[in-house]
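Should a chain be cited, it is by its letter among A, B, C and D, assigned in written order, with residues numbered from 1 in that chain.
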Amino acid sequence: MSRLSVELPGLTLKNPIMPASGCFGFGKEYSRFYDLSELGAIMIKATTKEPRFGNATPRVAETASGMLNAIGLQNPGLAHVMENELKWLEQFDVPLIANVAGSTVEDYIEVSEVISTAPNVKALELNISCPNVKHGGIAFGTDPAVARELTKRVKQVSSVPVYVKLSPNVSSIVEMAKACEEGGADGLTMINTLVGMRLDHKTGKPVIANRTGGLSGPAIKPVALRMVYEVSQVTSLPIIAMGGIQDEYDVIDFISAGASAAAVGTANFVDPLVCPSIIEKLDQLLQSWGIDHIHDLKGRSWNNAGEAAYHRA
Amino acid sequence: MIQQENMTIISHRSIAKDIYELILQGSLTKQMTSPGQFVHIRVTSGSDPLLRRPISICSIDQENGQFTMLYRVSGSGTRVLSEQAAGATVNVLGPLGNGFPVEYLTSGQKALLIGGGIGVPPLYELSKRLTERGIEVTHVLGFQQKDAVFYQDRFEELGKTHIATADGSHGTKGFVTDVIEKLSIEADAYFTCGPSPMLKAVEQSMPEVDGFISMEQRMGCGVGACLACVCQVQGDETGLAYKKVCTDGPVFQSGEVVV
Amino acid sequence: MSRLSVELPGLTLKNPIMPASGCFGFGKEYSRFYDLSELGAIMIKATTKEPRFGNATPRVAETASGMLNAIGLQNPGLAHVMENELKWLEQFDVPLIANVAGSTVEDYIEVSEVISTAPNVKALELNISCPNVKHGGIAFGTDPAVARELTKRVKQVSSVPVYVKLSPNVSSIVEMAKACEEGGADGLTMINTLVGMRLDHKTGKPVIANRTGGLSGPAIKPVALRMVYEVSQVTSLPIIAMGGIQDEYDVIDFISAGASAAAVGTANFVDPLVCPSIIEKLDQLLQSWGIDHIHDLKGRSWNNAGEAAYHRA
Amino acid sequence: MIQQENMTIISHRSIAKDIYELILQGSLTKQMTSPGQFVHIRVTSGSDPLLRRPISICSIDQENGQFTMLYRVSGSGTRVLSEQAAGATVNVLGPLGNGFPVEYLTSGQKALLIGGGIGVPPLYELSKRLTERGIEVTHVLGFQQKDAVFYQDRFEELGKTHIATADGSHGTKGFVTDVIEKLSIEADAYFTCGPSPMLKAVEQSMPEVDGFISMEQRMGCGVGACLACVCQVQGDETGLAYKKVCTDGPVFQSGEVVV
């Protein structure tokens, strides 16, 4: 077994590195840079029942060490995704995690039921935390009772394990995580973006057409890390962590905080080769530290994992 | 194939108010074939500024493996870029997007190239390619004011060149469309790049002429994955058809997308 | 009247720029760099009833475009502050905003009652949002009912107007703001820091002794701006805004978002002269834009203020 | 008075593994009087890295208005700094803090200077000042391994110099305290700067000798306002007495604060 291979509910991962949803489309574009089979998994772009055009432009704005986006869940709709995008991805030896979004509980259920039957979809990621759509999205992500109920309903119809993607825009992420666990979630992914805003200095108006957007990138890493640290100590669910990951050290940090795997979002835009580059360097780093398996470091920020390994190194 | 490379700065100088000319060398140049394509530049290895900056390819020199960009310092990213000296490297991703169709016209036909401000640069390589093919080129270039004008002499070497400035401090006072109307310039096709209001005005002023329009949009990835840069298709009522400026464009045929 | 002078409950400000609490001590250190009378006001370091030593070190850690701190409300205690720090500050022609902290409602009441009688304390700032103390602090800042009650109680004893400092670590900052308004607050200050964390790459342990800390600096500006934008539209309370302000353009952004004045925290550490420098450049910028008064731009991100002024410019 | 200034880089070079010597020129040099003081450096005008970096003054050249810093590239800030070339400017805030008391000893007395790794630099200016005053100086300098050793010759010019390396690849194998014990070096006072474990070991190994210890601590403001850099006073049970490394230190008398 390799240093980097990881087993999670529904997912047999060559390595714990995957692009985060919405930052990688359905993979086609980045397949021009490298073989997608190198990835641990791919979290595909949010899929909704009907096609969506999304928000008006501008949809992105830069901030200090971060960016705001308000794409608005643009996607070609469930049927098209099933017939085209997922089919196309079958040529790669890589499990998919399907990011599911909707405006109503029924939307989530319908999409989940269908998309979970695709042969390469090995898990669902319920996007209850998208800040950029008027209905649904974030509403599901800030009320524990609503999140629990949604999880439960989706679990009933899904053919694959269900991960719930948590929003950081809450008073207590621990409560949200527990609610999802009670609802029967198989895992958590965290964090989605923080709600933020940028104004045009001269006009004073929002730069992003949607006015507010989701903040991602290195700026939010301290918040993401803290939340993974908190949640991993109170639930037994595996966590796929994200938020500002740019290099192998960031991955180590999230694993140390208690995550089981890590996803890379914004950094793909900065360096299209960032995922394969992290995979390679992570392996080298662990080797140079004398760590047999990446999970030897899991949770060592709050437990004693990795102490021995570290001192041996 | 898209690649990224740390390219070496051969020359870097200010050529007009806030406008810099940057010449880079590297094997990536070989991939650059179509005028109107752009590169995506990373200005620092730190995380502020975080995103790449899209800049058009202004001129390609295959012999020396070099290409030229012209850019205006307008914010944090371009400011940091402008501080880099010759000898340093710049991380370049590209070439990206679809450029202007040089083959659209044949020898003897007339092309009208219309540029506004920092939309002027890609027209330079385009003009070289068109004139090489025996096409008669006329340039109409608009700038804010006199000290913002650049590359006038280079364009003049390739064809008739009219300058308009908003304040009249150089060339004709007014917009590029004023010049086009006044001189009633005829053309078999036009090629234009500049701020959206200009593109819109140009498209409306020559409805009967075939045209190619290079669009600008805020970008995330620059490679088609993030859907930051979409624009709508003209006549699409559903709003579901759309084009990505970074990969379907930046150049579109007039009438294709909503400017 | 100057372009920059601003009237707020209890506060007659030469200009709307002031150092944020905890980033300026009690002024002594920065008085070696410039005349404190140049400032609009000073938000002094949090004061508690008894002296506090605060947390163990390390207390700060750097993050991408930001920093974490867990000072832990170190201060010499109410009596010492009254007799020494506030007295010393009387030599300057500058109003003080006293940041009040505590572990219980009674703590807040006692400190507020006494400190509000100091002649140069023109307003209180209730720190119900400090993430770095075990008891009190942030607990008061995440429960609307508790915040309302605390505000009401402090209002009863304070001799000067009461501002409440809001925490960004909540699901709905609007609810918190409304609760404070109902409790009788005279104004709001926002935002305090986001809870975050940094790990040591090698050991996997938290860099900060307190484990988590408060994230401040440019990284959080988009979140702060969004919150001011939201809150200013639903309350009539004046807002003193903070979060990542570094220059005059940042101030303009927060005024455009709906704030009445702005505070500068972390940036003082980067440039000790940042406050006077912003004051000077802000004045010049408004003049060059042809804006008669900074409040002509107030709220223009969501209302039409400044449109005329802008087009005239 | 504390000031900040954009100082010009006169020379910038690598002198050992990951160790750089940076010579800066500017009027701020005039304020630099006491060895052991530090400056607070801003490495970029952007916001990443955000905070200043505290670096000791290693050597002061009043005649030319220059001072020298030695630093180790260990993280993002020092990496960015190391990329600056001669001619560029660096924003310097300082001099900050209280240095070593040069007047503590008088001519003919013996001083022992003990430095570890990147704690060695401030001892150089100190040694110059002490020897100028006729004090006999012995240096014990500890490094990780051979390729990390720097300034050995310069220290040797001023007084006896013993080197210890952790792996024995140069000088004595072991720690500085091993050298001190082995050679039973006698002194009227010691002056030390280095990592905390070393400072602790030094303090414990010479309880009967007066000593001065330069402390390190993570800093925010560097000027005494933020309370990031506090350390506890020895024997203070309340925990309420404390000292700030940036303004009360970085140099403290041994026994004064908890190392």
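By definition in this document, a residue touches a chain if its C-beta (ideal position, glycine included) is under 8 Å from a C-beta of that chain, and two chains touch if they have at least 3 such contacts.
Since we're looking at a predicted model, the values are computed, not measured.
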Query raised in the report: Where the contacts of subunit C and subunit D overlap, which chains show up?
Result: A, B
Query - subunit A and subunit C: spacing of chain centres that average the CA atoms, whole Å - result: 34
**Report entry** Separation of subunit B from subunit D, taking each centre as the mean of its C-alpha atoms, in whole Å
**Finding:** 53
Requested in this report: Determine the centre-to-centre distance between subunit A and subunit D, using the mean Cα coordinates as centres, and give it in whole Å.
Outcome: 45
Query raised in the report: For subunit A, what residues touch not just one other chain but two or more?
Result: 64-66, 217-219
Query - Numbers and ranges of subunit B residues touching at least 2 other chains - result: 47-49
Query raised in the report: In graph terms, with chains as vertices and touches as edges, which category applies: line, ring, star, complete, or other?
Result: complete
Query - Footprint of subunit A on subunit B - complex, ascending - result: 1-2, 4, 42, 47-52, 77, 93, 217-231, 238-240, 242, 247
Query raised in the report: Given the complex with subunit D, which residues does subunit A contribute to the contact?
Result: 64-65, 218
Report summary line: subunit A partner, complex, touching residues on subunit C are 63-66, 68, 142, 169-172, 194-199, 201-206, 211-212, 215, 217-223, 225-226, 229, 244, 249, 252-253, 256-257, 297, 300-301, 306, 310
Query raised in the report: Which subunit A residues qualify as touching subunit B in the complex?
Result: 22-25, 28-30, 32-33, 51-54, 57-62, 64-67, 69, 71, 74, 217-219, 246, 266, 268-273
Report task. Note which residues of subunit D are touching subunit A in the complex, please. Result -> 47-48
